[in-house]
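First chain written, first letter: the chains are A, B, C and D, and each begins at residue 1.
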Amino acid sequence: MKIQLTSQGDIQVLELSGELDYHSSPDLREKLTELTMKQTPKILVNLGGVDYMDSSGIATFVEAFQKAKRYQGRLILAALTATVRGVFEIAKLDSIFEITPTVAEAVKCLGAKT
Amino acid sequence: MKIQLTSQGDIQVLELSGELDYHSSPDLREKLTELTMKQTPKILVNLGGVDYMDSSGIATFVEAFQKAKRYQGRLILAALTATVRGVFEIAKLDSIFEITPTVAEAVKCLGAKT
Amino acid sequence: MEKRFELIASSEVLAPFRREFRQILNRAGWEKKTAEKILLAVDEALTNIIRHAYQGRPGKMTVSISASDDKIEIVLEDQGKKFDPTQVPSPELPRHRPGGLGIHFIRTIMDQMIYDDQNPAWNRLRLIKHKTKI
Amino acid sequence: MEKRFELIASSEVLAPFRREFRQILNRAGWEKKTAEKILLAVDEALTNIIRHAYQGRPGKMTVSISASDDKIEIVLEDQGKKFDPTQVPSPELPRHRPGGLGIHFIRTIMDQMIYDDQNPAWNRLRLIKHKTKI
């Protein structure tokens, strides 16, 4: 699992690649916790490079999503592969999370301020 | 942790020696579970050789004790070293468990039938 | 096709195991979408063994895979804490709290999840999936 | 006297660690009864790191011991799940269900249990005991 943090205006972008499972999810959790502790208002997670995700990955996103909600922050998941999208669907979480097909749409959705 | 099972009349005697901690407690748990699954009416645990016990050891005994109670079985702990007795005391469990100073007293207490 | 893996119960074994299992599923003729789901179900069961059955105690787990033309059967065995996952009730979805989805995934993906209660010292879980729903 | 241990977060390291720690406590002049209690407190904290902070993920934990004439301070560090044990309420005793005693043991045995919340990536727990109660 590789995690890269960049920013686009006032949006913090986490770009993930590799497999997100019980072993690798603590790294993602750490990065997301750093962002939510700072009350980052706009978090965009680019999942385009993630070809596998299990319930540990889901749990990590649910936790960050709830934390962001508490301070009125937003967390958007973008560019999900079919496999990863399928996992959100089995969990019936595809309707709870804000999910956009592409990163560009997520940026538009969050309204980047530069 | 060494565990030896012998019997004295209708009493099943578990003789333990060594250190009872998070690492070794599953072995004890397995032996005790075997006895409680068979609804062994009289279980005597000889702790004379146990010079260290932590809360995992306590938890193992509490679990077996509750299981034995459910089928009206009895579990007696005998010959505790001062260190081990101290741990039951911090947990305030010394008054809940049947504890006897020696194995002979435990046998008498359980009334071995031969 | 039969294949048996003996794994150390630690999270770093998951990714290499999945790599090999992916190839087996592919060779056994499972289409990618379903293969990824079976992979997920088995990964969830192994994660539970690592996390809940052994909880940081050293331990082993074995995965025995039998793939025939029409179905796949995966048998998972461990010597951790005795636990029957088939008894866990299904969670209400969507869950708004983190966790508690693993067994639901296994149940949803596989056709059968059978816990074998015969051996007092082992957990043995059988997961079966048919190529065409029966 | 200062001593630092780097341990793998797995249950088999506990017994060998205790053996060394026992000698340190003895050399630092602690009477056996109190030494065994301090040993127990540290063992409970390490067990919690193995079991709850890492949960079967590979990880490291360090124990740094400073023993002076009048007190001993033990600092435990890990990179597992962030958790502040000082926030856990004391259980009602006696507990009739198994478990839930570890933090109570640490709290009862040590004079101070301080969780250092400064580092977002590390857990750091300080346990202090004075030779004569202050």
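By our rule, a residue touches a chain if its C-beta (ideal position, glycine included) is under 8 Å from a C-beta of that chain, and two chains touch if they have at least 3 such contacts.
Small disclaimer: the values here were computed from a predicted structure and weren't measured.
Enquirer: Using mean CA coordinates as chain centres, what's the gap between chain A and chain B in Å?
Expert: 51
Enquirer: Distance-wise, how many Å sit between the C-alpha centres of chain B and chain C, to the nearest whole number?
Expert: Centre separation, chain B to chain C: 36 Å.
Enquirer: Among all residues of chain C, which ones touch two or more of the remaining chains?
Expert: Where chain C meets two or more other chains at a single residue, that happens at 11-12, 50-51, 57.
Enquirer: Please set out, as single numbers or ranges, the residues of chain B touching at least two other chains.
Expert: Answer for chain B, listing residues that touch two or more other chains: 22-23.
Enquirer: Looking only at which chains touch which, which shape fits best: line, ring, star, complete or other?
Expert: other
Enquirer: Of all possible chain pairs, which ones touch?
Expert: A-C, A-D, B-C, B-D, C-D
Enquirer: For chain A, which residues are in contact with chain D within the complex?
Expert: Against chain D, the touching part of chain A is residues 22-23, 26, 30, 33-34, 37.
Enquirer: Sort out for me which residues of chain B touch chain D in the complex.
Expert: Within the complex, chain B touches chain D at residues 19, 21-24, 52, 54-56, 58-60, 62-63, 66, 82-83, 86-87, 90-93, 95-96.
Enquirer: Which residues of chain C touch chain D in the complex?
Expert: Residue positions touching the partner: 9-12, 50-51, 54-58.
Enquirer: Would you mind writing out the residues of chain C in touch with chain B in their complex?
Expert: 57, 80-82, 120-121
Enquirer: Quick check: in the complex, which residue numbers of chain C touch chain A?
Expert: Residues 11-12, 14-15, 18, 33, 36-37, 39-40, 43-44, 47, 50-51, 93-99, 101-102, 104-105, 108-109.
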